[in-house]
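I am attaching a structure below and will ask some questions about it afterwards.
Chain nomenclature is as follows: A, B, C, D and E, assigned in order of appearance, with residue numbering initiated at 1 for each chain independently.
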Amino acid sequence: MNPVPHPAGDDTMILFSNINKWYGDYQALADVNAEVKKGEVVVVCGPSGSGKSTLIRTVNRLEEVKSGQLLFDGHDIHAPMSSAALNKLRSRIGFVFQSFNLFPHLSVLENIMLSPMRVLSVKRTDAKARAAQLLERVGLSNKAGAYPAQLSGGQQQRVAIARALAMEPPAMLFDEPTSALDPEMVGEVLSVMRSLASDGMTMMCVTHEMNFAREVADRVWFMDAGRILEKADPETFFGSPQHPRAQRFLSDLRAH
Amino acid sequence: DQWSDISQRKELRCGTFADVPPFAAPDPKTREMVGHDVDLCHALAKELGLTAKVTPLSVEARVPEVKLGRVDVTVANLAYTKSRGEQIQFSDPYYVAKEMLAVKASDPGTAKADFKGKRLSSTKGSTSELSIKMNGSEPVTFQDTGSAFMAVQQNKSVGMVANTMTITKLVNQSKTEGVALKMIREPMVLQPIGVGMKKDEPALLAKVNGALYALEKSGELDRIWAKWLGPNTEYKMVREEKVMPLADLKFELLP
Amino acid sequence: MKDFDLLAILLKPEFSAMLWHGLQETLKIAAGSWLLAMAMAVVLLVVRLTPNRLAERVVAGYVSYHRNVPTLVQLMLWYFGIFSLLPDALQGWLSVHNAETILSIVALGLCQAAYFSEDMRSGLRSIPPGQAEAARALGHGYIGSMRHVMLPQAIRNAVPALVNHSVSLFKNSSLAMAIGVAELTHAVKEIESQSFRTFEAYGMATVLYLVCSLLIMAVGGWLSRRYRIVGAR
Amino acid sequence: MFSVYDILRDNWLLLLVGQYPSGPLGGIVATLILSVLGIVLAFPLSVLLALARLSPWRLLRWPATVLVYVVRGVPLLMVILWVYFLVPILIGRDVSGFTTMLCTLVIYEGAYLSEVVRAGIQALPKGQTEAARALGHSHLGTMWFVILPQALYNMLPSMLSQFISTIKETTLGYVINVQELTFAANQINNQLLTKPFQVFFILAMTYYVVCFSLTQLAQWLERRVAHKRLGSASVKTSEDGVSLPPPVVVNP
Amino acid sequence: MNPVPHPAGDDTMILFSNINKWYGDYQALADVNAEVKKGEVVVVCGPSGSGKSTLIRTVNRLEEVKSGQLLFDGHDIHAPMSSAALNKLRSRIGFVFQSFNLFPHLSVLENIMLSPMRVLSVKRTDAKARAAQLLERVGLSNKAGAYPAQLSGGQQQRVAIARALAMEPPAMLFDEPTSALDPEMVGEVLSVMRSLASDGMTMMCVTHEMNFAREVADRVWFMDAGRILEKADPETFFGSPQHPRAQRFLSDLRAH
């Protein structure tokens, strides 16, 4: 659990080195090398099936890799380790799912309190205070006692973000956080993410919301067929994409 | 050993039939177990300075239940056979019973040999079943005597075998309800009846035997007999044997 | 278990004969009641599919009775109760032809028919309505669409449940012991009470039952693989 | 059918409580006590078995799987005989028929119920496990705080049907002299001897009434759970007879 | 089964006269009068719930009507008749469903062969030859042995069309044949329909594909609330719709 020596500088939050991932004999990630710096917001985009979800899920080891090294805040995530150690690491990586995955049997407040109490052994009163504060932050103070099924999709996703934040992670990962939402709810979730970014949170975010990428991202990664084909700042990426695949992707998007 | 367990708990767990009148069956009015064997249990317990706890058993469970120690003694018209003797130990027999055959009154047969190869019903795991096999008949066995009787009534078997008392009672009952039966005079087998106990418990055996002889002496055994089986009952039976060692019996023991 | 000695049972001709006859009787009851149950289940299903409220009620009652009354009690009702109501001639005929076995086949078969017919019905209900519509739109009649479109799918859907209930049926054949059928359980109890080799006797029976049950499950697994709808997940 | 009434009038108490208080508690009360105790004790066992079967460790998975298959493949009667024979040897003390039957039911129902629990766990969306793991919960923590509370709630109706199965299975206690309802009916039958149809008809109807009411309860519970799962937000629309919307939490 | 005398000319394939249809106390079709001529392609459009599916399903009596007469190729479909006679009629009306409804337990070839063999008593070899020919026509010769679940949606729908054609129907009905398909598969199905139309098949087609309607349709019927509000040739309908409801419908469509 001690930071291992690695070539990344002190300002590196996530470092992918030569990551390869296979599903059976399908290669889902091929030689991925990339870096997310502390405080940076990275948006990952690319066509369906290009490996975006796979990539982001390797960061907290929801997917195992075949080879390569992945450092998160100095820790080698895919090194052999006890499951207790892995759980400890995971608790420090915020992850937000496309389908929210709130716990339907717990109220909103309990959803947020559960993991701090059970994983980090935070005292109930402290967990509750912190949860209330986070609900405030995502604008849902009045829903503390509600159950997930009573909330709209956008509200659920904001609770999911609060739940992840409750573990005080140094970085947050988002896997298409708005694509299960009705259009009118996308905005509320993006604005929470925007405020997170402006508070300096390190974020890695798979999304098709190109406006968000343009405004908020520090870097855009474009993936296809398991490879990151282009890494650029948003201006360059949206203005003059280099890779022909990226050019086609962007023109397809605009055709809609 | 078991006797010290028993004397410590001051209770004699006594296995009886569950519903074989006149030995042991629930009284429909009081729902209490009553019958010859029930009284004998109480008498035995009293003689030993204990109270009796009567536990009704199915016919075939009588041996395994004492063997496994779930009851201390079985008082359930339990006949001595050599193979049972290997499993459990017996007190000295307190009378000699006969297994009798009852068939429909209309049946032309008169001797047990006439029923060779025929279907005869009985309770499962009883010496009745054994005697049917020894007679070369085909046994149809049930959990209880009532079912065996009904089997004859419903033509499932040609006749049934049980001890004299049960047969007497059922033959009498068949006169008023259902198809009339008759009892074949010739007994299927003779068998000594004793109290069953777990093997290798000499203290218990001695105590039970002692109690039996004492009850014989005080006339208690005769009184219980008279109450349930004697001339004033429908069975009209006379108690011919006293308690005596197995070795004194004059007939061939069942295998 | 001082000395575990299977041969003490197997080598004794009378015991091995009892075991063999017990197994035969068990298989006879299981097979007989399975066939009866299947036939009856199809009848129940067909009756239930006719658009007749009364017929539907009757079948629903039949199913409800057989599912809410313990199988052993049904067996007793048949053997002790219903038998007593039969005419003498039939009673006599049954007695000569092994009434215990016949009645246990009847009782177990009729009981399991309720389960089988429900399995088939839910197999039928889980087919999307579009299938029947497509068949009708192509001009298939009721019988034709049942035969070529609905039933092939319904049966496939129902196979897992039917297999489970077939195993149940096989296991329930042991209840026939209670009405005096000399099937496998009866036989080993007998052997046990004569040989007092409890462990060996029960062990034998357990293994025999287990092997047969696993065989039924394996056949069921094979059937559903063999007839799996290609490409379905 | 007049005699049905007579039999009931003369013997209702025996059918209800057996020979109690002059004998052991029996009749339908014993049946129900046996079933309730059986299912209540089988429940924790079934959860453990289900967890073992879903556990990543082969050492837990294998024995649990074997137990479940043995129970599924062997008649209840055989299990009863084994318990009757083995338990006194194992605990070195004799046990009553009631206890024997109870042990049998716990093992038998535990195995069957574990299949229900397992199915309930596996039916939950994978996202629930993933979310819990992503938050740092351990395998057991995930099961305990996230998966089981949902799975068990969803399983309530199936558990009630298991309870009905258990009631039906207690009848086999008759074979080892457990004085439950079937035993009482047989006692009555042996007294009357000439009314077997009436006696067993009463017996069947008694079971039917008890189990049928519970079946109805299970169906009601099933509808309720289905409703609850969709959340009160969507309950309104479903009452309008419009088809139910899909559950809010979908599998990714 | 003999053609009944009726007011339609010899060139009428489908004739709706005063058709009324109720679901409980909701009137799904109100006084529908319309005609599809032989060789004509009619596209039915209209907002959701307007009764398009209901209308097209009355043609092969998948829905019963309350009143009115419906003639198909001279036969009174809703007249009292034996179910054998109805089945015979139905077998001559090609119907293609939105959700394909292929028989999943049969291979593609068997799906196409089943009804000719079982309903029309065509010999196996003949049915097979014809099926192969139809598969060729819809461009799926190489999928003859495949099972429906192994095909994409577009392929399944093409098989469904071939299956309907195998009965050699004088007319084909389509109920939104492309709306269950991913966008990239819509084209392949439409092109099969286009070729059918150009071969002179009489077609009645519920669809939202306005380009298809514009190019292929001879007539466009616009429905709302159970009534056909407008019948026009596509130029007129798309160029200058008469009914205000149709105008609104078209402008909504274009806003996308």
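Following the convention adopted for this analysis, a residue touches a chain if its C-beta (ideal position, glycine included) is under 8 Å from a C-beta of that chain, and two chains touch if they have at least 3 such contacts.
Chains and their UniProt names: A, E = Glutamine transport ATP-binding protein GlnQ; C = Arginine transport system permease protein ArtQ; D = Glutamate/aspartate import permease protein GltK.
It should be emphasised that the depicted structure is a prediction, and the values quoted were computed from it without experimental measurement.
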**Study point:** Centroid comparison with chain C (C-alpha atoms), farthest chain
**Key:** A
Study note, to complete from the structure: With centres defined as the mean of Cα atoms, the chain at greatest distance from chain E is chain B
Practice item. Kindly work out which chain lies most centrally, taking the average of its C-alpha atoms as its position. Key: D
Revision key, fill the gap. The C-alpha superposition of chain A onto chain E, two copies of one sequence, needs a rotation in degrees (nearest 5) of 160
**Study point:** Distance between chain centroids, defined by C-alpha means - chain D, chain E (Å)
**Key:** 53
**Study point:** Centroid distance [mean C-alpha coordinates] between chain C and chain B, Å
**Key:** 39
Review point. Any idea how many Å lie between the Cα centroids of chain B and chain E?
Key: 85
Review point. For chain A and chain E, what's the span in angstrom between their mean Cα positions?
Key: 47
Review point. Tell me, which residues of chain A touch at least two other chains?
Key: none
Check your understanding: Got the chain D residues that touch at least 2 other chains?
Key -> 174-175, 186, 189, 196
Check your understanding: Got the chain C residues that touch at least 2 other chains?
Key -> 80, 83-84, 178, 189
Review point. Tell me, which pairs of chains are in touch?
Key: A-D, B-C, B-D, C-D, C-E
Review point. In their complex, what parts of chain B are in touch with chain C?
Key: 60, 63-64, 83, 86-87, 119, 124-125, 140-143, 147, 150, 153-157
Check your understanding: Residues of chain D touching chain C in their complex?
Key -> 69-70, 72-78, 81-82, 85, 164, 167-169, 171-172, 174-175, 182, 186, 189, 196-201, 203-204, 207-208, 211-212, 215
Revision key, fill the gap. So, in the complex, the side of chain C touching chain E is made of residues 128, 130-131, 133-142, 144, 148-149, 152-153, 156, 229-233
**Study point:** chain D partner contacts - residues on chain C that touch it in the complex
**Key:** 64-65, 67-74, 76-77, 80-85, 167, 171-175, 177-178, 185, 189, 198-199, 202, 205-206, 209-210, 212-214, 217
Check your understanding: Which chain D residues qualify as touching chain B in the complex?
Key -> 10-11, 13-14, 18-20, 22-24, 88, 94-97, 174-177, 179, 183, 186-187, 189-191, 193-194, 196
